[in-house]
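Okay, here's the structure, questions in a sec.
We call the chains A, B and C, going by the order they appear; numbering starts again at 1 in every chain.
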Amino acid sequence: MSYLFDSGNWEWLWTGNNFKFLLEGFLVNLEIALIGIVISLIFGTLLALMRISKRRVISVPAGIWVDVWRNLPLILIILYLALAVPSSWRQAYADAIPGFFPEALQDELVLGALLGLVLYNSAVLCEIMRSGIQSLDRGQHEAAASLGLTYIQQMRFVILPQGLRRMVPATVSQLITLNKDTTLVSIIAIQEVIGRAGNITSASGFFGGVPAPVLQVYLVVGLLFVIVNLALSRLSRRLEIRERERTGTTIERVKGIEDQVAAETDVITSR
Amino acid sequence: MERKRWHLLALATVVLAALLFAACGDDDDEEPAADEPAVEVEQYPADTTPGKIQEAGEITIGVKYDVPPFGLNNPQTGEVEGFDVDLGNYIADRLGVDAEFREATSDNRIPLLVDGTIDLILSTMTITEERDLEIDFSEPYYVANGDVLVPGDSDIQALDDLNGKRVCTALGSTYADTIKKEAPDADLRLVDLYSECFDQVQTGSVDAVSTDNVILTGMVIQDDTLELLGLDYTTEPYGIGLPDGDTEMKGFVDEAVAEFISSGAWQETYDEWVGQHLSEEQQQGPPDVTLEEALKLFPLEK
Amino acid sequence: MSELWEVLTEHLPEFSSGLWVTVRLVAIAFVIAMVVGTLVAAMRIAPNRWLNRAGGIYVETFRNVPLLVLLIIAFSGFPRAGVSVSQWVAGMACLGLYTAAYIAEALRSGVFAVGKGQVEAALSLGLTYPRTMRRIILPQAFRTVIPALGSLIIAMIKNSAIVGGSLVALPDLLKKTREVQADTAQPDEVYFWGAVGFLLMTVTVTLVFRYLESRFSIRR
């Protein structure tokens, strides 16, 4: 126990460049997560629309696609893509990415990681969106139809906006999961917080100076995640409350459960 | 009412994102100019690889980020440092370009070279015939020997003792196969990074680590309760990884390596990174093995 | 095509041993998760403020920290503090404790779905709080929660791969897939079979739970 609290073991935190080094790495995780969720949202919505299409030619293959990616471990997908993405794509990515993006993201290996994150999360978000859209009362569809709106117009002006809005808390929740998942890219040698934490512990041993023990360093890493994710989940809760106030219907989601669970245990209560 | 809230949220997100990007966009410092005496730079024709690199103004080199004394990412400077890094900088100077380093683990270094992400591999890579099929090697720039690292209180003395014990080494290294031959009953634990092996022998998750003695020395420097057995049971000449069949590149790099050794830079770099940590008897000199001889040390199986 | 089958036939022992390790890891971690999760859920809904808080801290910590970080802390950090942790212990404990946080939340919401009214009624009939939980609330809560459990087990199967990919490196399906890949250098075929292995597990769980749902769950 004394090992845990011995101040000598925590000295690395305020000595030298260590904390800044760690923080820079953490920012990479956050950036990847942000970009990941945005792109995943776009594709997820597209997939959801395909899934609820009346034409089976569209909905069935989309369904298979989503079910496959949703059920695979993200780390398997990332490891595979790190090997399988052709270098021409990677070059294209490195060239296409604008200069104002942070340096870590300009690295071409990030493409494999982003691709994996998007493939997986778009499938997950698709299911969340789908349940959001389908949770809307039948009545909305009929009402919209009786107003003379075509299917597309119904979707665009009535169904989708409401469905998407309902899914905002769930999406923020998914962002939290995505945040955690970004640590997986450390396994394909992308310079983010876990790799940097390892550097700190190795360097302290080799170059001497203040010792940076593994336990303390990674506890700090964990803390960084808790802080950010906690803030995000508070945001999510606020959004849910706002939604409830506004529309009078609630999706009483089992709070914060990962991925698919959210879609399956939604309880809709109307007042 | 709701419109306003949505706009606020969107605005907040954009501002947050912008802040994040801005904060990191101008982060990295340029590599400080080396204060080495100006090296003669030979200009290469534009259609050769060295020529193209000169046009691009930088050469990308894959090094280890977690293996002192060859490549270690130093948090204090934010730069990777080590013997391989110094040699990489030397080669870049001779081409008149900047050196850009990235992490190359034992597992991904060859794929990274083959698909062009990096121009050279300087990653404690042993010359083997199998690897030679996919890439080319320079003349050896360092000769390490295989050794075994154990906790100070271990009763492992010789290679045979590894049988039945948990031994750690890296995925894709020559040791994965060598240990299977020398100690077939050893419980081999393969990891991505040597730093993990180091970690595991410290926490008692494995009983021994086996790899190049100089890498193990880096570990002993970090933790002096560990010790080397001093077995020297393999000879591991390191070579720089080059694109397959690229004769101009190989010509250039071989020249650079030869200069590195003959000009005394090798000795300087060695002393700084390795020599100062070793005793007199353990010191060694520049490689005395040629590429051809090195290839014979690790011939193709089957 | 023949290459695809060749990879499978030549490496079937590795794949299947990896699969088996994953199954064991998930099964044991699941038990841990259920036990701990139930406890934490009970703490969260107990009428005692300190228990609530403690349960809350547990849930917020384990839901917001990445599993990879937990694994490193357990496997690499603790032994240096004097607590010896083996590969299996690290893997099972981390996966189990991590999932327990989610199970606790699922149960808590399941309990709310059952309704406060039942708790009050039971208490007014003279049942003690623990007994109320054990006999009346929890059994119903469990049944509400069955579909969520199915998803959580699937999430566990996916998360177990992180254990194999991390420094804990249990020889599970993911680790074996990587080893076969290091051996054969045919990523498309090797990872295809690895994916098939995982899908086998997840599809089985989905089917099992669909059956269970149709038989046991409470429809609302």
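Following the convention adopted for this analysis, a contact is a pair of C-beta atoms (placed from the backbone, for glycine too) under 8 Å apart; a residue touches a chain by one contact, two chains touch by 3 or more.
This structure is a prediction, so every number in the text was calculated from the model and none was measured.
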Checklist entry - Highest contact-pair count belongs to which two chains? => result A-C
Checklist entry - What chain sits nearest the middle when you go by CA atom centres? => result A
Next on the checklist: Can you compute the centre-to-centre distance for chain B and chain C, using the mean CA position of each chain? Integer Å is fine.
Outcome noted: 38
Checklist entry - What whole-Å value do you get for the distance between chain A and chain C if each is reduced to the mean of its CA atoms? => result 20
Item to check | Whole-Å gap separating chain A and chain B, where each centre is the average of the chain's CA atoms | outcome: 33
Checklist entry - Residue numbers in chain B touching 2 or more other chains? => result 199
Item to check | Contacts with 2+ other chains: residues of chain A | outcome: 83, 187, 214
Checklist entry - Among the residues of chain C, which are close enough to touch at least two other chains? => result 76, 80, 178
Checklist entry - Mind pulling up the chain A residues that touch chain B in the complex? => result 16-18, 21-22, 24, 27-28, 30-31, 34, 82-83, 86-87, 90-91, 100-104, 107-109, 187-189, 191, 195-196, 198-203, 205-207, 209, 214, 242, 246
Checklist entry - How about chain B: which of its residues touch chain C in the complex? => result 107, 171-172, 189-191, 196, 199-200, 202-205
Checklist entry - So in the complex, which bits of chain C are touching chain B? => result 75-76, 79-80, 84-87, 167, 169, 178-179, 182
Checklist outcome for this item: The residues of chain A that touch chain C in their complex are 1, 3-4, 68, 71-76, 79-80, 83-84, 176, 179-181, 183-184, 186-187, 194, 213-216, 218-219, 221-222, 225-226, 229-230, 233, 252, 254-261, 264-265, 267
Item to check | Of chain B, residues touching chain A in the complex | outcome: 2, 5, 17, 20-21, 23-25, 27-28, 65-66, 68-69, 72-78, 102-105, 108, 111, 115-117, 192-193, 195, 198-199, 218, 221-223
